[in-house]
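I've put the structures underneath this note.
Two complexes, one shared chain (subunit A), two partners (subunit B, subunit C).
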Partner chain A sequence: MNRFLPLVGGFILFAGAVAALAFVLASVGGYIATASEAKAAVTSSSREESYNEAVASFLSDTADERSRLSSFIVNDAGVVAVIQEIDDAAKREKVSVTIDSVAVGASAWNYFDPLDVSVSATGSFAALSAFATDLESLPEASRLVSFHAEAAENKAWFGSYRVEFLKTKSP
Partner chain B sequence: MSVGSFKEWLSSLGRPYPARDWMLVLSACALILLALLAWAGPLFFSIESGSAYVVGEPSPERSVKMTRSDVQNVLDTYTARSVNYAAHNIAMPHVVDPAPPASLNSGVKQ
Partner chain C sequence: MGINLLPPPVQKKIFGAYYIRLAALFFTAFAAAVIIGTLLFAPSFFISRADAEAAAQYLAALKTGGAPASSAETLAAFTEEISLLQTFARPPLAARVLSAVTTSLPSGVYLSSIDITPSDTGGKVSLSGIAGTRQDLLDYTAALQKNPLLSGVSVPVSALAGSRNLPFTLAFSVNPQSP
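For the complex of A and B:
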């Protein structure tokens, strides 16, 4: 039996060495995974930081322009002024105008909502067309979404308009 | 190797035969070492090349797409629009009333 002891000892040493090597390799693999995650986190954080710096710099550089641009956007207090502006345009183009509806539409935007104003008017065809051009050219951030005209009696025409303004979200 | 000779070889393992037994032991150890090398080799080279530290596809870099001149252009557009509207400097379309003249309507018999 004693003659097998060196063999058994050799096997035990070999198995121990293999186990130790396998443990070291597994540990190295684990450390590499951890290091990779840390490197990815640092890279992502660095990119996020430089992006945030770029955004902050852009906002700072354009503060004046953005402040002046905001004057073209309707707010809650300015809705009446917008209606008055449409009324003035109607008087200037000699059309009889009725504001049919004023409604805030739904949007996915964070800070703004569309403000839909529906208007109907009667007058000559040329006057209705001129009024449509006026509505297209309003100084606010707006657009003429639709314009329909149909002939009425005595050379008069009936027109319906839908204008969309950009409005700041109500608090 | 037929089934019969394989059984004979298996039964011969019970009998001591040093040269064969040492070869079996050495082969088993060599296989284990080769398996460890197959594990350690790629690990070593991936660490050396740095590819071990890359996790998936890097996320696309975000950048500010709008410049100050873009904002200035928008501001210029709306300022011009405001000035033109205040001065009523608006290009009116030249339109003709598409309704038929009244003289034609008056000739229609009811």
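For the complex of A and C:
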């Protein structure tokens, strides 16, 4: 039996050496794959980082312009001022007005809402026309959605207006 | 060639022992070669492991330092704001339409109601009133047709049935591209 000992010993040594080599090769392959994936992710993350830096820089550079643009948009606190502007325009054009409704409409917008203001007015045709022009020329981001005027008694006219303002969403 | 005088069983036993030692020698030699190969791979093993760990740590550091989400939110809000401001930047239309429908009004035609619905593509207008004669109504319609701001103005033929004080309704579109 002793004569097989060198053979068995040699085989065990050989098998152990092969196992060790296989372990080293598999580990090297795994580390290379891990490093490649991590480097790809680092490249992607670096691009994202550059984009974020560009966004932050853009927002910083355009802060004044954005602030100026935002001043054209009505916020919750500015709704009263908008109604006051309409009243002032009515006085200027010598028409008698009633604010029929002020309501936030539905929209698919994420950060803004339409603010619908319905107004009724009585006055001469020229005055109602001038008032319509004023409503189309308000300093806020707004648009005249509809205008209806009909003759009333004593050469007076009755007008109804619907104006839509751009309003920031309430928090 | 020599003559082996040993008895065959002894010869067989000696040959067997020889091949066993030969095989043991081969296994040992192969094992030695493989061990040398393994040792030669050792630097690659340690370098690749260090490389993978360093890349993973760098990635983790990048992820923890990301940009604030508020920047993306602000940019999205600003983008929507610009888009909406463009749609709200509509030139005054009602004043031009009112001017157009009143300046060409003949003395025999009286308006009783006006509807204007401005839109991004121009808008719709509807006029109702009374014309003293057929000719007054035709003159008014012709004057409106000549105005480049208005389009689709057609003679309300059903209103021509009467002879005097003809009630009429005109519906047409606004051409926002007109100067």
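Everything below uses one rule, namely that the second predicted complex is superposed on the first by the 113 of 171 C-alpha atoms of A that agree within 3 Å, B and C clash if a C-alpha of one lies under 4 Å from a C-alpha of the other, contacts with A are read in each partner's own complex, and residues count from 1 in each chain.
What we mean here is this: a contact is a pair of C-beta atoms (placed from the backbone, for glycine too) under 8 Å apart; a residue touches a chain by one contact, two chains touch by 3 or more.
Quick caveat: nothing in here was measured; it's all calculated off a predicted structure.
Novice: Applying the touch criterion given at the start, work out whether A:I32 contacts subunit B, subunit C, both or neither, answering first, second, both or neither.
Specialist: both
Novice: So, A:L69: does it touch subunit B (first), subunit C (second), both, or neither?
Specialist: both
Novice: Looking at A:L138, would you say it contacts subunit B, subunit C, both, or neither? Reply first, second, both or neither.
Specialist: It touches subunit B, and subunit C stays clear.
Novice: Applying the touch criterion given at the start, work out whether A:L13 contacts subunit B, subunit C, both or neither, answering first, second, both or neither.
Specialist: The answer is second: A:L13 touches subunit C but not subunit B.
Novice: Would you sort A:L166 into first (subunit B), second (subunit C), both or neither based on which partner it touches?
Specialist: After superposing on A, A:L166 lies in contact with subunit C but is clear of subunit B.
Novice: Quick one: classify A:S124 as touching subunit B (first), subunit C (second), both or neither.
Specialist: In the superposition, A:S124 contacts subunit B only.
Novice: Is A:V104 contacted by the first partner subunit B, the second partner subunit C, both or neither?
Specialist: Neither partner.
Novice: For A:F58, is the partner it touches subunit B (first), subunit C (second), both, or none of the two (neither)?
Specialist: both
Novice: In the overlaid three-chain picture, which partner chain does A:R47 touch, first (subunit B) or second (subunit C), both, or neither?
Specialist: Only subunit B; A:R47 stays clear of subunit C.
Novice: Of subunit B and subunit C, which one touches more residues of subunit A?
Specialist: For subunit A, the partner with the higher number of touched residues is C.
Novice: Both subunit B and subunit C touch subunit A; at which residues?
Specialist: 14, 18, 21, 25, 28, 32, 35, 39, 48, 55, 58, 62, 66, 69, 72, 125, 129, 133, 137, 141, 151
Novice: Can you tell me which positions in subunit C touch subunit A when the two form their complex?
Specialist: Listed in rising order, the residues of subunit C that touch subunit A are 17, 20-21, 23-28, 30-32, 34-35, 37-38, 41-42, 44-45, 48-49, 51-52, 55-56, 58-59, 62-63, 66-67, 71-72, 74-78, 80-82, 84-85, 88-90, 92-95, 98-99, 102, 110-118.
Novice: So in the complex, the part of subunit A that touches subunit C is made up of which residues?
Specialist: Going by the criterion above, the answer is residues 3-4, 6-7, 9-11, 13-14, 16-18, 20-21, 24-25, 27-28, 31-32, 34-35, 38-39, 41-42, 45-46, 48-49, 52-53, 55-56, 58-59, 62, 66, 69-70, 72-73, 109-112, 125, 129, 132-133, 135-137, 141-151, 166.
Novice: Considering only the defined contacts, which subunit A positions touch subunit B in the complex?
Specialist: Within the complex, subunit A touches subunit B at residues 14, 18, 21-22, 25, 28-29, 32, 35-37, 39-40, 43-44, 47-48, 51, 54-55, 58, 61-62, 65-66, 68-69, 72, 92, 124-126, 129-130, 133-134, 137-139, 141, 151, 155, 157.
Novice: Once bound in the complex, which stretches of subunit B touch subunit A?
Specialist: Its residues touching subunit A are 29, 32-33, 36, 39-40, 43, 46-47, 52-56, 58-59, 61-64, 66-68, 71-72, 74-75, 78-79, 81-82, 84-86, 88, 90-93, 95-99, 102.
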